[in-house]
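This is the structure I want to talk about, given as structure tokens.
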Amino acid sequence: MRKPFLRPLAAVLLLPVAMLTGCGGDSKDGSSGGGAGGNTVKVGILHSLSGTMSISEVTVKNSELMAIDEINAKGGVLGKKIQPVVEDGASDWPTFAQKAQKLIKKDKVATVFGGWTSASRKAMLPVFERNKALLWYPVQYEGLESSPYIFYTGATTNQQIVPALDYLKEKGKKRIYLVGSDYVFPRTANKIIKAYAKANGMTIVGEEYTPLGHTEYSTLVNKIGTAKPDAVFNTLNGDSNVAFFKQFKSAGFDAAKLPVMSVSIAEEEVKGIGVANVQGQLVAWNYYETTPGAVNDAFVKAFQAKYKGAVTSDPMEAGYNAVHLWAAAVQKAGTTDVAAVKKAAAGISLDTPEGKVTIDGENQHVYKTARIGVIQPDGLIKEVWSSGKPIKPDPYLKTYPWATGLS
Amino acid sequence: MSALLEIRGLEVVFDGFRALGGVDLTVEQGELRFLIGPNGAGKTTLIDVVTGLTRPASGTVRFAGTELGGLREHKIVRLGIGRTFQTSVVFEELTVVENLDLAAGFRRPLPTLLRQRRGVSDTVAAALDTIGLGDLADRPAGVLSHGQRQWLEIGMLIAQKPRLLLLDEPVAGMSRDERDRTGELLTEIARDHTVVVVEHDMEFLRRYASQVTVLHEGKVLVEGDVATVQADPRVQEVYLGRTKKEAA
Amino acid sequence: MSARLRGYALFAGVAALFLVVAPLALPAFRLDELAKYLCFAIAALGIGLAWGQGGMLTLGQGVFFGLGGYAMGMYLKLHDAGGDLPDFMVWSGVDKLPALWKPFGNPVFALAAVVVVPVVIATLLGVLVFRQRVRGAYFAILTQALAAAFVILLVGQQGLTGGTNGLTNFYDFFGQDPEADSTQRTTYFVTAIVLGVLYLLARQLVKSRFGRLLVAVRDGEDRVRFLGYNPATVKTITFAISAGMAGIAGALFVPVVGIISPSLLDVVPSLELVVAVAIGGRYTLAGAVLGAVAMNYAKTSFSEQWADGWLYLEGALFIGVMTLAPRGAVGVYEQVRDAIARRRKPVPAPPTASEVPA
Amino acid sequence: MESLLNQLPVGLSIGAVLLLIALGLTFTFGQMGVINMAHGEFIMAGAYTAYMLQDWFHGQAVIVALPVAFVVAGTLGWILERAAIRHFYGRPLDTLLLTWGVSLVLQQAARDLFGAPNVQVTAPSWLSGRVELLGGNLPYARLFIMGLATACVVGIWAYMNRSRQGRRMRAVMQNRELAAVSGVATGRVDQLTFFIGSGLAGVAGVALTLIGPVGPSLGTYYIVDAFLVVVAGGLGQLRGAVIAALALGMLNSYGEFWTDASLAKVIVFVVIVGFLQVRPQGLFVLRSRALT
């Protein structure tokens, strides 16, 4: 009510001033959609800055802001500076949905970078689809999704879980025990793992879920001990990892006796768990701080210059990539218009800290190199295996015969 | 006249302590009975058992032919037994009238409870008149003095229209004037109710009691009219021997 | 009486503010946010009734909010799926619609369940707990544990409930697109009107004999027993009503925000709602509503500016209110009003019954 | 069968953890009727104390931290009691909300002081072994926690029953007015009680660094369980708390063994509600004639 009324009024009042100074002013001001107003392009950053998820998401926010600074330092996109609008999802899924709505409708941002948990993405998805707006989601997830209004710059299952299983198979681990937090990612991941195991002569000797935030693992460790697996596949989330590994270790299990393959532990988490408790254990990601390459060296250096003592990790890198990929797509499209950006994004390739990534125009995921790492005594992760080249994203695992009937 | 309240062989044990050790008591219809005894004699415990607050170890309590054992407090009230407490408990946030209305209302069916109170019912008006708090009818009970609260409690008791009233030390802590006023109130109520009064105050007893039961160490010591009881050497020993002040 | 008239005038004024001014002044998505606060206000109304009037500190209202929300969400999901399985069941590996879901395909059943299920469960719990005279702190802790257990149960049954994700992505809300501006306006009006109606009903309840009885139970449960009432019945009824309100709030929340998930029902959101009621003023229903709207508004606008600081502010506000003004904002307002009235009239004004004016 | 037996020590050790986190509550909640939701954050304070002491004591920080954390958490509790709670006696439900506000502030303060991510507390190397028991093994860390819980119980029992201060505390709890007129300085007793109760939370926090995460949310993981122990055990009853903690530990252990961790928690809740049907005031209850 107020705005449409005030704006013509302001225009009328300002008109004589503009004429007097002989300056036409920016006629696009406020009228062009897609967040490109004046000399700036607004983008939304929507992560949990408070609540339980803030531990993880704040760092992603930081790397995304760093990417924006880098682009602005080089002149921005389309000659305009990128102006981030940061919002707090507060670790609460409905809040994510509402803040997404606010960013789209009030701030009229060109795109949004945000989310971590699957639940937050699922909550935001209808908002973006219905408003035909764009979300860049930077975290590895459980696949089985391909929204036309979301770009997924983290790994889907065939770029993380399947390679991890390939690795375990290669090492002759046949009896696998599945441990996960009770939510969507672990349950879906384990469904895939079970299908894989069936087709590849592996046995699942146990499958256990614990509530989020669970800290009592002696019974579970006891069950694992009884089942005598060759390896544990761990999809626990957050603080539970700390409790699990401490209790696993003190019950006498270490990497040599029983290896654990984790898909949610990055450099950040290793510190909190205590290196002694996870040293030598396996993790599966697409990027480590130690990943070689000039792009990564520069990324790590820049990030640590900005945040003293910080480590870099996969989701941070994927968030950083997302900003650069979007900027490249905008540059190519010549506009921030969503449909044009989507079209331009297909096939875009960038040299990123993890190596070369390419956007798959069909499912809007990216080609990523899978890497298995081992946790080192200094808390960093050393790559011990890699897929060698970027893997084509396949969120529905259509190209894997054993996976038919999963989706 | 038939017995309204019949207590037989009542025993109460608290964590090994025998608070009541086989009490027999009969209260006739229309009677005004005083229950006295030194501290720890079991007077309040006796009332507690009758009203369902305390479970007896053994013995029976019959009220108008109904066995009360095992009934919950509110069920006993619904049979027609009302009581007050040593430390008066009225609802401070509610007005005097609301307190009385609440007391008068337990027989109302639930749906009518959902309606707002309009005006003052006859029962409540009568009770208000009896206790003489008409001027304070619409003030919250929280502003009442100690004595007024005791009267309000008695008023609430009357509004309940019980067949048996149990008053636990109604004049404790009252000024002389208040005691006199309470005594008159008691006499008035006793005209058409059966009343049992637990009391410490000997002077009050002498002025207003007719029938008295003396409890001592959980047992009935003496029973009879005031003169008989006062003359009984055992009573004198219990009171004079232990708490001289009170007997004075 | 003039006080009564003034009450109605105030109510009409607030109603006009919400039904006329706000829709005109606010863009659709802000209106949608306001609708969310109003949903919480409905649940807060229930808490005001149970806690403020009845003294039952229920820290598990999220459970009933959730039951209502899920009943609504299940219907919308089935409606969207149109005979197929809802999307989350597909990726959770469920191949046949669970029996529990079947009746929720019927909108009448689902809408009835929004109220009936919370009421039945609250009644059951109330009968079990109040009959045994579990109360005060015990009751508070039990309801809190109930919320914790309920969330774990919901999250664990992913195929049945959507797990942590909850139910989301609704395409059709009784023939409307839930993300469309017009729908958001409609749901806003519905929510505001439901709140108004429930407020008037609750107010009537508080003013009735039952309401007086409830206050008596709060202040002296044992004494009430000796007036011939069973406090357990009074409390159970009230608890059930407050649960029903939470259920309605949860059901409205689904179209307003577009999601119902366990994170809304957990210990912390349930507690936050109680906090909001305390800050608004627990002894009046208006205070409960005011607190819920104001606190949620403050939370949104604060976290937009100063995300980390919000916790400090919420904590500090809360400590301050509990220590300095236990009757909340409404209590402060009443004190100020009485002080002004006393200054105007040199004659000492009679102490008014300060509780439950509206 | 072998692993079934092995669940026995597991249950005992879960029980020991529950007991340790709930012991402080038997003072603050049991003796004083204060529902201290910040109890979890006092546990957290204990854990961070151990973390801070690592700079000086490295591997042995956990041992040094036990008494230090007792004082640190106790002092926090004492400040809380003096600053706010003493105005709230007789309003237990209000203390619940008040202390919840305090817990929010303490959590955020921890986030600002120590950072949002978890920190690592290194366990002493001599706690890294384990004993073979009933076909499974029991880590020394768990044995240490059991020992610590036992020591705390014995200490509290001795304090309550053998010391003059402890008897005063019980007197105040049973009848505040009477104790006051008998010359007990109830205010001083309250301060001390709160100090001890909060201090015990600090001790529990140190022990928890051996088995769980150390971060700003630490307290929230334990607070509900801790209160359930006290509710099931009966207010202020040491005996009740011990039995309830062990029973719930066993229930958790076997519940999870036969079903899973999620269901085990639900089972625990159902059992407690069922139990309160039989014993509404918990396992042990002090009789009182007062009409509330």
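Going by the order they are written in, the chains are A, B, C and D; count residues from 1 in each one.
In this text, a residue touches a chain if its C-beta (ideal position, glycine included) is under 8 Å from a C-beta of that chain, and two chains touch if they have at least 3 such contacts.
Listed by chain with UniProt protein names: B = Urea ABC transporter ATP-binding protein UrtD; C = Urea ABC transporter permease subunit UrtC; D = Urea ABC transporter permease subunit UrtB.
The structure presented is a predicted model; accordingly, all values stated were derived computationally and were not measured.
Visitor: Hey, which chain ends up farthest from chain B, C-alpha centres compared?
Guide: Of all chains, A has its centre farthest from that of chain B.
Visitor: So which has more C-beta pairs touching, A-C or B-C?
Guide: Result: the pair with more contacts is A-C.
Visitor: Could you state the distance in Å from the CA-based centre of chain B to that of chain C?
Guide: Each chain reduced to its C-alpha mean, chain B and chain C end up 43 Å apart.
Visitor: CA centre of chain A versus CA centre of chain C: separation in Å?
Guide: So the centre of chain A lies 35 Å away from the centre of chain C.
Visitor: Centre to centre, by mean C-alpha position, how many angstrom separate chain A and chain D?
Guide: Centre separation, chain A to chain D: 38 Å.
Visitor: As a quick test, compute the distance in whole Å between the mean CA positions of chain A and chain B.
Guide: The mean C-alpha positions of chain A and chain B differ by 74 Å.
Visitor: Residues of chain D touching 2+ other chains?
Guide: Chain D, residues with two or more chain partners: 111, 220, 260, 262, 265, 291.
Visitor: So which stretches of chain B touch two or more other chains?
Guide: As it turns out, chain B has residues touching two or more other chains at 85, 89.
Visitor: Specify, in ascending order, the residues of chain C that touch 2 or more different other chains.
Guide: Where chain C meets two or more other chains at a single residue, that happens at 152, 155-156, 222-223, 308, 311.
Visitor: Could you list, by residue number, the parts of chain C that touch chain A in their complex?
Guide: Chain C residues touching chain A: 24-30, 32-33, 36, 90-93, 152, 155-156, 158, 163-166, 168-171, 177-180, 253, 257-259, 261, 263-264, 269, 300, 303-304, 307-308, 310-311.
Visitor: In the complex formed with chain C, which residues of chain A make contact?
Guide: Residues in contact with chain C: 1-3, 49-50, 87-88, 90-94, 97-98, 101-102, 105-106, 117-119, 122-123, 125-127, 130-131, 142, 144, 182-184, 187-188, 191, 209, 211-212, 407.
Visitor: Under the stated contact criterion, what part of chain A meets chain D in this complex?
Guide: 52, 54-55, 58, 182, 208-211, 213-216, 218-220, 222-223, 225-226, 239, 242-243, 246-247, 249-252, 268-269, 271-276
Visitor: Would you mind writing out the residues of chain C in touch with chain D in their complex?
Guide: Residues 57, 125, 128-129, 132-134, 136-138, 140-142, 144-146, 148-149, 152-153, 155-156, 221-223, 267-268, 271, 274-275, 278, 308, 311-312, 314-319, 322-323, 326 of chain C touch chain D in their complex.
Visitor: Residue numbers of chain B touching chain C in their complex, please.
Guide: 51, 72-74, 77-78, 82-83, 85, 89, 91-95, 98, 101-103, 105-108, 110, 112-117, 139-140, 143, 156, 160
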